[in-house]
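Same chain, two partners: chain A is paired with chain B first, then with chain C.
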Partner chain A sequence: MINAPMIFSIAAAFKAHVKAESLLRWRHKSDILQPLLFFVLVLSLFPIAINAPSQELARLAPGILWVIVLLASLFSAEHLFRDDLGDGSLSAQLLSVQPLSVYVVAKLSVHVAFVVVPLALASPIMALMLHMPGSGVPVLILSVLIGGVSLSMIAAFGAALTVSVHQRSMLLALITLPLYVPVLIFASSAIQSNIDGTFPTMQLLILMSFALLSAALLPWAISAALKLSVENK
Partner chain B sequence: MSITRLQVDRLSAGYERPLFRDVSFSLEAQQVAHVMGGNGSGKTTLLNCLLGLFPATSGDIYWNGFELRANAFDAALYLGEQVNAQSYALGLKNALSVRENLQLYLSTTANALQAASQTVRQQRIDQVLEQLSLLAVANKRCEQLSSGQQRRVSLSKLLLNPCAVWVLDEPFAAVDKQGVVLLEGLISQHVEKGGSVLFTSHQDVSLGMSVRTVQL
Partner chain C sequence: MKVPQFIHLLGSPPWFYRISGQLMPVLGLLACALLIVAWVWGLGFAPEDAKQGNSYRIIYLHVPTAVIALAGYYVMAFTGLVYLVWRIQLMALMLKSAALIGAAMTFLALFSGAVWGKPTWGTWWVWDARITSMLILFFLYLGVLGIINAFSGSKTSQQAGVKAASILALVGTVNIPIIYKSVDWWFSLHQPATLKLTGKSNIDGSMLTPLLIAIVGCYVFYAFMLLWRTRIELQSSEHNKQWLRDAVSKK
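Right after this comes the complex of A and B.
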């Protein structure tokens, strides 16, 4: 049964995990810059590679932007639990009386803040490079913020399943990419719809439901996958 | 009547081939057990099995009379899981300072100080660091410390969190002579207060008390 001291201790543990994880990210600034740099570098190659008029590039922009956001999110999640498995802190969390999901939710909240938010903030500048009309920008930011939560959760699930596997990159992509597809479809369709003059209420609500569903269910699945990975390392 | 903290009945575990077969022993209050065996005999695997971190192929494990997994692990503290011949997973974050690591530990494990104020917890951390001669490096990141100092930082968790059973994997590895004496003293004090200790070690340990041997 959950009682008041237990809720207090869970809240205190969550706060401590968020603080420690934020400090670790801040001290390894390359972890913050890597997905952002990937996003900027890959995107800047498209206008050079596709020799097309700006209208054509603008038409492709929502899809291109979202594919790169998706890949940046996938690569950034690959090492999410690797260090914790190696330094023994994951085993320590498994032995703690507090639910493992507290650690998972704290870790993913920091991941969203340090990876998804910078990507969302950088996306308008990237949209300019692809000549995307300004009317699509607010929905682009919104879709990256909302869709990014689902992407992070799905990628973390894949990372948890593959954390003890040596050649994990390919396996991680195979597990997560099919689950990314619905988010990709609705997010790029939302931006296109807004450019065409219709506010994409339906697409954004579906993206929101994906985000809420993944945030509610996947931490438990991630915790179970981490337990399995520690047992089989 | 003495309390049986841990009982192991005919435990076997391994990978493709079994590492150990039908290991049975018990650990009671005020007892110390030394798990012995050559390299690769399954000492770390045994400790992992006892804590539910590795599945046993057969046998039973009871903590305080309850079957493993039915019991929460606030009674046992596990330190220094061996990764390979050279390195140990001490549960420390290299990029965090000694003090930050211990603050994280106090906030994320069930212990008497969890509900205490920040100042009280800070004072307790400082006391423990002083006891282990680590106060001078309290604000240094763990990655800047020697492996012996890192081991001492991980040992400070023993003093911060008063658990009944200490499960220690090679606690004397990489610790200097002074540290070995200190750790032997800590184990003796813990046992005198009614605690139990289960440890693996390749070194001869002189604890000044009877130590049960579990041979793998």
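Right after this comes the complex of A and C.
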């Protein structure tokens, strides 16, 4: 017999969502490795395709790394809401007394912890493989951590809009990638600027403001998109 | 919420059908007149450019389409907002039309820019701030069109698609200034400003007047196209309604 109080507080609901979502992620450990594997796979294609001396690769490295981060975040977000829509737990969320954005923020916090953080931690190795100067590495990690928040939010927005649609991959990319552009610009320029010798305070602050802006506003848009996806199912 | 009278009327398809039928000939003739005057003046009578010779004259097509492409996005986002708030079906049809016309205008602006770039810069494509923003705007339009197309099928599915497109258009509205500023910042860092297109300050009055007429003409043309496309969408979505049969048979 479950003795649940009639109305959870928002904090309690948030905690419960985070716990359930983390457990789910933890039980599918291979899903945690997938973005990393994707990262290495795509990365290894560049030296093969470009076939340039290492200093040439090093010059392209910030841009290449960040394009792969974008793609990894895009593909890892594609299935974010698919299972919840399929098994009806999303419909149950809509009936809950808590606003849907609590569920969205909880789910995305876990997503950031399980996808963005590993990507950020793995990025120095990837930078090494592309011979990127070591001075760029701390900013690379920082930019992936900060920029990853906006990327996850934007990708989740695209995923929420397209979750009830068949053949969504292309559509998801079409919706998401244009919105990624500002993050890509400031992140890769931050790394380049640190390699060139100036600490990119401005770029990192702008990335931070993108992260805060998207974390504050996009959960509403994601919730609205999820509602209509449930209606459309 | 109290809805203004104007919005109420917009919710009535027969009213829109009647009014747009009266407006369209006026707008169509006005657009034709303005564009003919602007293009004949611009192509035939405006002075030749000191540096670019005659090739600059594509400005009379390029700039108006680019202006409309950007303004059209806001028209689309506005119809999306009205649709989300008041659920007026007519706005859903207008959003579809605005997306299609806007995408076409953006393509035209990009294409005419490329044609202009070849003689001026010696290359079809330059990764300059404005061109890049325009390309991203084109992708945003395609995203909205893609969403509308993906939700085809039943009537409820189509409505969900227009809602999705409206939300996307609104998110895009917040993003357009951010994208524009970022791209601008990025390229001003990398490229000298000499590659900028003709700025407002350095265009001569004799060239500017036909350009302004062309821009106004293009706006009127846009309004005409928007009403026309929306009428077509209305005819196909309300084809089994009695009022539409009456309106068509009256002609």
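As a convention for this text, the second predicted complex is superposed on the first by the 225 of 233 C-alpha atoms of A that agree within 3 Å, B and C clash if a C-alpha of one lies under 4 Å from a C-alpha of the other, contacts with A are read in each partner's own complex, and residues count from 1 in each chain.
By our rule, a contact is a pair of C-beta atoms (placed from the backbone, for glycine too) under 8 Å apart; a residue touches a chain by one contact, two chains touch by 3 or more.
Just so it is clear, the model here is predicted, and its values are computed rather than measured.
Asker: With both complexes superposed on chain A, which partner does A:34 reach: first (chain B), second (chain C), both or neither?
Answerer: So A:34 meets neither chain B nor chain C here.
Asker: Given the touch rule stated above, what does A:22 touch, chain B (first), chain C (second), both, or neither?
Answerer: neither
Asker: Applying the document's definition of touch, where does A:231 land relative to chain B and chain C: first, second, both, or neither?
Answerer: Touch partners of A:231: chain B and chain C.
Asker: In the superposed arrangement, does A:101 touch chain B (first), chain C (second), both or neither?
Answerer: Neither: A:101 stays clear of chain B and chain C.
Asker: I'd like to know which partner A:218 touches here: chain B for first, chain C for second, both or neither.
Answerer: second
Asker: Share the list of chain A residues that count as touching for chain B in one structure and for chain C in the other.
Answerer: On chain A, the overlap between the chain B and chain C contacts is residues 231.
Asker: Considering only the defined contacts, which chain B positions touch chain A in the complex?
Answerer: Answer in residue numbers: 51-55, 72-74, 76, 78, 80-81, 83, 88-96, 100, 103-104, 107-110, 114-115.
Asker: Tell me, which parts of chain C touch chain A in their complex?
Answerer: It comes out as residues 84, 136, 139-140, 142-143, 146-147, 150-151, 156-157, 160-161, 163-164, 167-168, 170-172, 174-175, 178-179, 182-183, 185-186, 189.
Asker: What residues of chain A sit close enough to touch chain C in their complex?
Answerer: Per the stated touch rule, the residues are 157, 161-162, 164-168, 170-171, 174-175, 177-179, 181-182, 185-186, 189, 210, 217-218, 221, 224-225, 228-229, 231-232.
Asker: In the complex, go through chain A and note every residue touching chain B.
Answerer: Going by the criterion above, the answer is residues 5, 8-9, 12-13, 15-17, 19-20, 23-24, 27-28, 86-89, 91-98, 103, 230-231.
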